[in-house]
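The structures considered in this document are given below.
Next, two complexes with chain A in common: one pairs it with chain B, the other with chain C.
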Partner chain A sequence: MKATRDITYKKLLQKDQYSESGGMYKAGIKVPHIYAERSTCSIIAGIDLTIHYLKQYFEESGDEYVYAETACKGFCSNDPVISIQLPGRAMISFRNVFYNKISSILDSILNNILPDKSMIIGQYSHPELTSWPDVPEITQLNFYKNQTRKLFKYAGFIQPLSIESYMEYNGYSAFAKTITSKTHSEVCGIVEQSGLRGRGGGGFYTGEKWRKALEKNSDKKYFICNADESDPGSFSGRMLLESNPHLLIEGVLIGAYAINASDAIIYVRSTYTLAISRLENALQQALSAGITGEDIFGSGINIRISVFAGPGAYVCGEETALISSIEGSRGMPKTKPPYPSESGLFGFPTVVNNIETICNIPVIFSEGVEKFKATGREDSFGTKLYSVSGRADYSGIVELEMGRTVKNLLGIVRQEDNPYPVKAVHIGGPSGGFIKPDDFGLRLDFSAVFNNNLWFGSGSFIVLDETNCIVDITKYYIDFINKESCGKCIPCREGSQRLLEILTRITEKPRTGQKFESLLRFKGVTQLEEISAIMKETSLCGLGQNAPNTVLSGLKFFRQEYEEHIYEKKCAAFVCRNLKEYSVNVDNCVGCGICAKRCPADAIIGSARNTHFVIQERCIKCGTCFNACKFDAIIVT
Partner chain B sequence: MEEYINSLKKNIDKRDLLLALQDFQNKFGYVDQAFIEQLSLKTGIPSGKIYSIASFYNQFRFIRPGKYHIKLCSGAACHVNAKENLVAELYKLIGIKDRESSPDGKYSLEFIPCMGACALGPVMSINNNYYTQLKIKDLKKIIHDLDEI
Partner chain C sequence: MEFNITVNRNSIKAVKGETILAVLRRNGISVPTLCNIPELSPTGACRICVVELEDSGELVTACSTPVAEGMKIFTHSRKVIAARKTIVELLLTNHQDNCLYCEKSGDCELQDLAGDLNIRERSYVGFGVPRSPKTDRSDPGIVRDMSKCILCGRCVRICEELLGVCAIDFVNRGNNIAVDTVFQKGLFYSNCIHCGLCITACPTGAILEKAVGAQVCEKIDNKDKNSTIILAGSTIADLALHFNIRKFEDARNYLVAALHDIGFNNVLTLGYGNEIFITEHAKKLAMSAGKQNPPLIISDCPAVRKFIRTEMPDMEKYLSKIPTPQQIMGKILKSGESQTEILVSASACVAHKYEAVQNDNSNKGAPDVDYVITTRELLGLLKTHGVVLPYKKKESPDKPSGSETSAGVLFETKGGISETILRELFYMSGGQKYPKKIFEVKTDKPFIEYEFELNGVIYKIASLHGIDTLRQKKNEIINGSYLFVEIRSCTAGCLNGCGHLHSKDPEVQKKLKKIITEFDETNISDTAGKNPFIKGFYKQIGKESLFDYD
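Coming up: the complex of A and B.
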């Protein structure tokens, strides 16, 4: 054990710079190297079947090859992605390689012929390797070119199942140097200088938090990584874990050392099975290499890291709730102070940091504070991860320098010639808000975002166009908050319930036709603002305080859409089911009767070869008739 | 299952309550009442309290999953891509809602917060077979095929 530890330690200290040519650009390979980007997103897209056929292909041909599992580079709309490097040639990547396409790709590429252009993403040129003609450079693609990749720099290159692969890129050397040459206080000082702010949403200065915990005298301290990530629409934490679990472990080690904690816990959502298995595998490797555990590198320091599979509750993203969850009770937030840095897990001083914050730590320590501060602006340094989804042309993870605008981000994920204009962007998940097109010049950094009453959350970025209804999206988030509210404090528990009721009422037609129903609908909107204001001021934790953000920003920027729902009882996007009205276009109807036959509510009447009619009172707005009609005779209004 | 319950340690620490629940659910797919009662004896926590803790979290189910366990992603991206229509269609086809099992034990349904394939939404999985960019037409065919088995 001691021998392995010393060898690892010496090896780690010899490295100075992150090597640019580790791992993937192997110049002297003899047989084809094939890399499959295997992550949850690509497994869902069907990469396992592709890998199966790939192995079968080589078994049949009997050729030698090297296969390695990497992880998604963040360009999820290309999944499944396979990269191939032939001896002496540049590495080339293919998109959407489903099981039925793999053999044709291999047939041509192994004979040095390029397959169909539409399947090629691009190549990575290298001075010692022959490039493929007319194949774009991946780093020059619009998606990658405008990103500043630091945390995701080696995603897709590093093999997440191998610690050696991480070390080839200089992994763990920052930790090795830190633990042997710097004191606890110096490490906190470096993080303070770097101005790193928590990426979980609150934007608290990480260095300050660490300093408080370090200064607290206690025989035991805990360092916790929050990788719970339960926001709908955000998956950057999972991608970090799946693509490079060792980066997180290195960050946790430095953090635990900084506050002098001997125990660290990584809290991962239990539904992230692949991430958990990769993390546990990485921890095992780190332990046997002597990087974690007892007496690390002979310094007498012990840092034990364990994984806790969080049973899933959105509120557990709040630090005190997360701590109660690890203690084995309901994950409910507690009043602060005392802050966890004074009295946290089992009463000991505890630091809870978001996964993205922790992954920034090895970057700061390996590239230095100066270089880290060169990206970003004013009070927000470094990069931020965004999980882009919705009506974007390219969905996936985008890593951008702090302080770039919404427009910059949209430029990366939307094609210029997309015919549907962006109606709005929703950032920050359930606690975030809408941004309207006039404000797309908004800088995405902490001060600008907070000044606009927005919230980064864990970086979800949802693009909306005309087919999306603002009221419906708001209802979706409030429904989520209502389900996930822990029920401890009244403003959040009851407020979210009332908000949901009001929003549901707006998105439905008055059922009984009595006058007071319309009155309630009007009253609802004035109450929306009132309830939101109360929730914001009086809720205990961040979940309740930020829950009404979506409502308020929606009302502020898209009031017209709310009014349309209330006064005209119309949803311009045709999303709100209960506001739709189905009727028959008399000119187109040929009387085939298929709609009447399919209608589950018997709401369509008419005799054969005569025009049919919809009885509105019976219609349940299911849309079956609309899908069934072959003559476009059913119209939705 | 009885064997597993009988083989539990004599004293279980309160801290390990969630771990014990997770372990049981991983083995049997749900948390059984008999298990909670045993757990209550071994931890000294009243069974009502254990229920209150377990039901707080999304992970735990208290109904035996069906032969075909359907998970439908209800993440924001899937919602934007018209997930609601699928929910309505699914209810029409198998007659169960979120966290329910059909009386014949064939189907059970669960909405998952986000599966993580936001670029390919809406996403559904049946016993870990994934279906992406699901349309109502595809859904009908999938359920119809299962019905015939």
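Coming up: the complex of A and C.
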């Protein structure tokens, strides 16, 4: 054990500069190298089947090849992605390689012929390798060119299952230098200087938090990484874990050393099975390499890291609830103070940091504070990860310098010639809010975001266009909050239920016969604001306090859409099903009866060759008749 | 460290480490609370106690926020009142409106709060689906109607922090959250010890004792059947306090007369059962004196008995197997020459309801005690029949409990078991002058030890109250070489049993105790052995002791 440790240590200290030739696209390979970007996103897209056929292809042909598993580079709309490097040629990547396409791609590329252009993403040129003609450089693609990749710099190159692969890219050398040459206080000092702020949403200064925990005298301290990512629409934490688990481990090691904690826990939600298996594999490798565990590098310092698979509750992202969950009790937030840095897990001083924050730590220590502070602006330094989804042309992970505008980000994920204009952008998950097109100049940094009553959350970035209904999306988020609230405090538990009821009422036509139904719909909007204000002011934890943000920003910027729902009982985006009304255009109807035959609710009547009619009371708004009619005789209003 | 804080523009003193609520309460400023129980840790769940910070305009909960120097707060600003009102309105949206039919009506904290905040209409109209319409009726003593639950968590915390039993906890999340037992099977099937502390904790009518008053009325109207009611001393004292009667025996005699008029053929007091319980144990101890190691655990508390059986099975062998006084009376009255057919027991205890349906407390399937009612239910019975104390006449209790000694009543107070058994031990050993008022003085301690010398031997006994204390002192009890240990679940003995009218107020405890100690002081026959009926009883059965479990 000691011998391995010393070897690792020497190896790590020798590595000063990462050489571009190291890592993935090496010169001088003898057989074709094939890399599959295997992550949860690509597994869903079907990469496992692609890999199966790929291996079968080579088995049948009997050719020699090298296969390696990497992880998604963040360009998720391209999944599944397969990269191929032939001896002497530049590496080339293919998009959407489904199982039925792999053999044709291999057929052509192994014979040095480029397959169909639409399948090629691009290539990585290298001075010693021959480039493919007319193939764009991947680094020059719009999606990658405008990003500032630090956390995701090596994603897709590093093999997440191999510690050597991480070390080739200078991995763990920052930690090796830190633990042997810097005191606890110096490490805290460096993080303080870097001005790193928590990426979990609150934006607290990480260095300050660490300093408080370091100064607290205690026999035992805990360092916890919060990777319980459960915002709908955010997946950057999962991608970090899947693409480069060692980066997180290195960050955790530095963090635990900084506060002098001998135990560190990585709290991952249990549904992230691939992430957990890769993380556990990485931890095992780090332990056998002597990087974690007892007496690291002969310094006498012990840092034991364990993985805790969280049972999966949104509220467990709140630090006190997360601590309760690890302690084995119900994940419910506690009142602060005492803060976890004074009395946290099992009553010991504890630091809880978000996964993205921790992944920034090795970056700061390897590139230096100066270089780190060169990105970002004013009080927000470094980069921020955004999980882009919705009506974006390119969805996936975008890593952007702090302080770039929403427009910049949209420029990366939207094609310029997209005919549908962006109606709004929703950031920050259930606790976040809408940004309207006039505000797309908003700089995405902590002060600007907080000043606009917004919230980074875990960095979800959802693009909305005319086919999205603001009220419906708000309803979705409130439903999420209502289900995921721990149920402890009244404003959050009851308030979210009331909000949901009001929003449901707005998105439905008043059922006839109910006396106050119309009045309740009108009262709705004023009550939305009233309840939201109370939730914001009196809720126990951040979940409840930020829950109404979506409602409030929606009401502020898209009030006319709410009014349309209430007064005209209309949803312009045709999303709110219960506001739709299907009727028959008398002029077009030929009386074929197909609509009546298909209607599952027997809501359409009429005799053959005569005009048919929809009985509104029976209609369940499923839209079957609309799709069935060949004469455009069904109209939706 | 003392400093000043400003409350509603007045300066008041505060000590570092206190919560805002504690400071406000000490200075007589009232802030409404719902989830707060002073002796338990604050959770800040209900948010009713919010106060406004003058500088930031922020609302913080008074119950959980510690005071800081220079803090300026408003307790009743417009903003605060509006917030409180909205919170209660939100709570009321899916709460039932049928206060008229609720047993807790008039005593309900939610009702009071809504009244105080002047809520006169249903502002928010929900979809009307009750959160958890389930009612748990599995337990013989406790009914939990979850549609009335406001999820303040007081029952959960009192069960966890004060008792350490954790029979109930929150289940589900979000709006589906509910308080339930393990695997949601119901209290009877859980590790609940049936003490009923959750009843006293509940601010609404969600947790109540299972009311049998109506059934009792029905049964006693049947004149063919001989009905008997047993009144516990603590119940009599509680009703005396309620009706402002100073003397214990007056209250007892009024009650006996009133209950006779209501229709009970016999009205007895539990003191007789207590005295047999004392005598039995005194005899047992006298026989085995000096050989008791580990000690005999004496408890008349069904909650403690169940707790030891289920949670500390290794201690069960030390537990005295003599039934509790209620069941002793049940056994005597349901057998022999006594003609009792319907036996009702009125006591301050909810756990007695559970005890009465246990298998070993029945004779061929028929329970010894048919109905157990709490003091609250007895008061309801009296109210229904228009009885107000002082009643028009006085009658003494029927035989065999006509001439009860003060020991039978003192028995139910904190330390009463030890005190009365000690008296009897001294009395039996030849009429030595026995020490009095040993356990009375140290009222606030949960664990009291006492050493005494009898016939030249020094003995040690202990009196323990509270399940949590029992858990802590387990090893001390086993290894402490005590002669016997008294254990009860309620912190002030049966005087703050969970079936009481006002079991929570410590001031009331003192007054109740005073009524009983005054009765003890004025009574000459002050130990069980001095009761002629007890002597007569043993002569009649022709045995030294009623139970021979050894």
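Here is the rule we use: the second predicted complex is superposed on the first by the 633 of 637 C-alpha atoms of A that agree within 3 Å, B and C clash if a C-alpha of one lies under 4 Å from a C-alpha of the other, contacts with A are read in each partner's own complex, and residues count from 1 in each chain.
As a convention for this text, a residue touches a chain if its C-beta (ideal position, glycine included) is under 8 Å from a C-beta of that chain, and two chains touch if they have at least 3 such contacts.
Since the structure is predicted, the reported quantities are computational estimates derived from the model, not experimental observations.
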Which of chain B and chain C A:495 touches, first, second, both or neither: second
Which of chain B and chain C A:313 touches, first, second, both or neither: both
Which of chain B and chain C A:79 touches, first, second, both or neither: first
Chain B versus chain C, judged by how many residues of chain A each one touches: B
Partner chain in contact with A:106 - chain B first, chain C second, else both or neither: neither
Touched partner set for A:486, first chain B, second chain C, both or neither: both
Chain B versus chain C as contact partner of A:279, first or second or both or neither: neither
Which superposed partner A:330 touches (first chain B, second chain C, both, neither): both
Touching partner for A:579 - first (chain B), second (chain C), both, neither: neither
First (chain B), second (chain C), both or neither touched by A:473: first
Residues on chain A lying within both footprints (that of chain B and that of chain C): 313, 330, 486
Chain A residues touching chain C - in the complex, by the definition given at the top: 313, 315, 330, 332, 334-335, 337, 482-491, 493-498, 501, 504, 516, 520, 527, 530-531, 534, 537-540
Residue ranges of chain C touching chain A (in the complex, touch as defined): 42-48, 50, 58-59, 61, 64-66, 83, 86-87, 90-91, 93-94, 123-127, 150-151, 153, 169-170, 172-177
Chain B-facing residues of chain A, complex: 40-41, 43-46, 76-77, 79, 230-235, 238, 270-272, 309, 311-314, 325-331, 387, 389-391, 395-396, 426, 429, 460, 462, 464, 468, 473, 476-477, 486, 577, 600, 622-623, 627
Partner chain A, residues of chain B touching it in the complex: 13-18, 21-22, 52-53, 56-60, 74-77, 79-81, 84-85, 88, 92, 112-121, 123, 125, 130, 132, 136
